[in-house]
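Provided herewith is a single structure, encoded as structure tokens, for subsequent inquiry.
The chains carry the letters A, B and C, assigned in the order they are written, with residues numbered from 1 in each.
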């Protein structure tokens, strides 16, 4: 009962219709705006170009993205490495589950003050906050993915005496990967939030820091442009993630499609 | 054979109790770790007081009015924000989801706005509302609206077209269609959405309190940190965690209750959910 | 066909009892039999007869409560190296993230065979099951029958001494099943491998086997060890219409009926 795929121009038109309309409405209604807090869109976009396409923009955005990458990738690695044995052992799971549920329920930004105690205001604090926030979705989803590995496939693997690292690489990791990616996706949004928050608090550079500066000094168009920039970063990272996922999990999408059809 | 059945029931109860005990052991072990590490010197007790000291601070705090006010403020912001998100998410989700055209038109905008971190709005919220609860609400609603919307959209899309056609052919108006066809199908998805939204709403509520200094648990945490009352700070952190666990468990229990009498049919929502 | 007399597989006094927190189930009470090298033996029985349990004990996937399984003189304590298993749920026994080629090649990598030899075995196995063209496809792109062929190819490429098959064609349509049955006979003749074939389909067991072991209901024992004295060259059309086929079939059928009624042979 699916519609026939409409032509490319039509798809493009539908995709862009609402966003373009909204932007146009924003532009028009704010054009003569005298409001201090809501300057004309035109001004914002001009400021955007001036600020973020300048060479020193890199010194603001760079450190942010660097801290984010370190924290996120470390969280992904640890989440998977810890999640696999926990997922595989029922006893480990039973023992650790309440503790993990508690730790993951602590809102990561709450840890910013805590971590400031331990590591001061430097890069470590921010990377650690990101790590602490991002690790839970990855870890818990890894556990779920390992638990849900197909029993028949597990027996097949045993019957062919495939064990150890080979079993991990060819069976456990690929088998749990769709679920792991769900966790990685959730962690992505959390990581961005934490990157910004940790910088808003206590930092000397970074997007969050810059944004708060603008707000404090009432540099409104700059502040808006910063908000837009954050939005764009969020979208770009999300797109990169999706491309990566599509590449790695191509088999999974194909499998589910055939299941749905069949 | 009654005797055999009793044995079976008792055996299952024993097994479940064992699992509980294992979990308890884990918690106790964790508390022990927190107790020993600062005492032995692995971590400086200035940065991490022993678990017992934190517990003492917690019980002391619980006798103050300030504690309960802060807790109440956080929960108030959470609840109001969540309700707004759910109502808006359901209304907009059903409206958009019921029309193929609307869905295609809004798809790009939704995918565009979704990944925008709600914290990007902090400066704006501060400018507009300062440290009042509205700032928090802006963040909470923006963050928790999307999970609800997305899940409701999944749900509306899952409605059996035959059922819908049948309803239409019987002359059921839009309202009746929604009530008898769309709503029952969407409900399990909505429950998942509420579960996700509840967790996110709490996190954002406390986050905004930490960042913007609005009244609540988050503010207590950042205040006690800058004031050097470290044990009290950890006490509030633990409270934040416990509230989070209660919200998560409560939402999951609610979801399971609603789904218990509802045939579960979806891989998508389960994937989105974990 | 020239067969060595030496026994490939021996099952001695096998007993399996399942015990968990709530109940005790004696799935297999006492099963003993032996299979000579190169034989094709079928195991048939009513549902609930513990056939799969028996197969998994032989495959070393489950530990028996008592008794022993001996493969090529060595007792089985875990999955033995020279054995391959083909499961009923073909869809779940193939790796969905690997192509057909990689699925077949993986156990060979485990055996640490050099790449050239691996490629040769994969190619031969796929052509033996008539799937030469699809080695780049993913399992979920193939039909059910083709997927089961891939599983069979994987087992064949492994060059096992004993091939265990657990109701492999139960989930496949009748026409495909007939083709696959013939495929098994062809492969068996070519490779001279010992085959233990579990099925609930009496016709299939008579058509395929040189011997048929009839299982009783749980707690399982062997009701009878029936020798199938049909000619070695078998075809679906001719063999199944032979009078001897009908006799054997009827005999096994009546044994199964007795088994369903709870009858079992007098214990020794």
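Going forward, contacts are C-beta pairs under 8 Å (C-beta built on N, C-alpha and C of every residue); 3 or more make two chains touch, one makes a residue touch a chain.
Small disclaimer: the values here were computed from a predicted structure and weren't measured.
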Using each chain's Cα centroid, which is most distant from the centroid of chain B?
-> C
Across the interfaces A-C and A-B, which one involves more C-beta pairs in contact?
-> A-B
Averaged over CA atoms, how far is the centre of chain B from the centre of chain C? Could you give it in whole Å?
-> 51
Between chain A and chain C, what's the gap in Å when you average each chain's C-alpha atoms?
-> 49
If you average the CA atoms of chain A and of chain B, how many Å lie between those two points?
-> 18
Identify all positions of chain C at which a residue touches two or more other chains, and write them in rising order.
-> none
Chain B contact footprint on chain A (complex, rising order) = 1, 3, 14-19, 22, 37, 91, 94-99, 101-114, 116-118, 137, 140-141, 144, 178-179, 182-183, 189, 192-193, 196-197, 200-201, 208, 211-212, 214-215, 218, 220, 223-224, 226-227, 230-231, 234-235, 237-238, 256
Chain A partner contacts - residues on chain B that touch it in the complex = 19, 22-27, 29-30, 46-47, 100, 104-109, 112-124, 126-128, 161, 202-203, 206-207, 210-211, 218, 221-222, 224-226, 230, 233-234, 237, 240-245, 247-249, 267, 271-272, 274
Enumerate the contact residues on chain A facing chain C in the complex.
-> 150-153, 155-156, 158-162, 166, 170-171, 174-175, 177, 251-252, 254-255, 258-259
Residue numbers on chain B that touch chain C, as the complex places them | 4, 7-8, 11-12, 14-15
Which residues of chain C touch chain A in their complex?
-> 56, 59-61, 78-79, 81, 83-85, 87, 89, 92-93, 95-98, 106-107, 109-110, 138, 140-141, 158
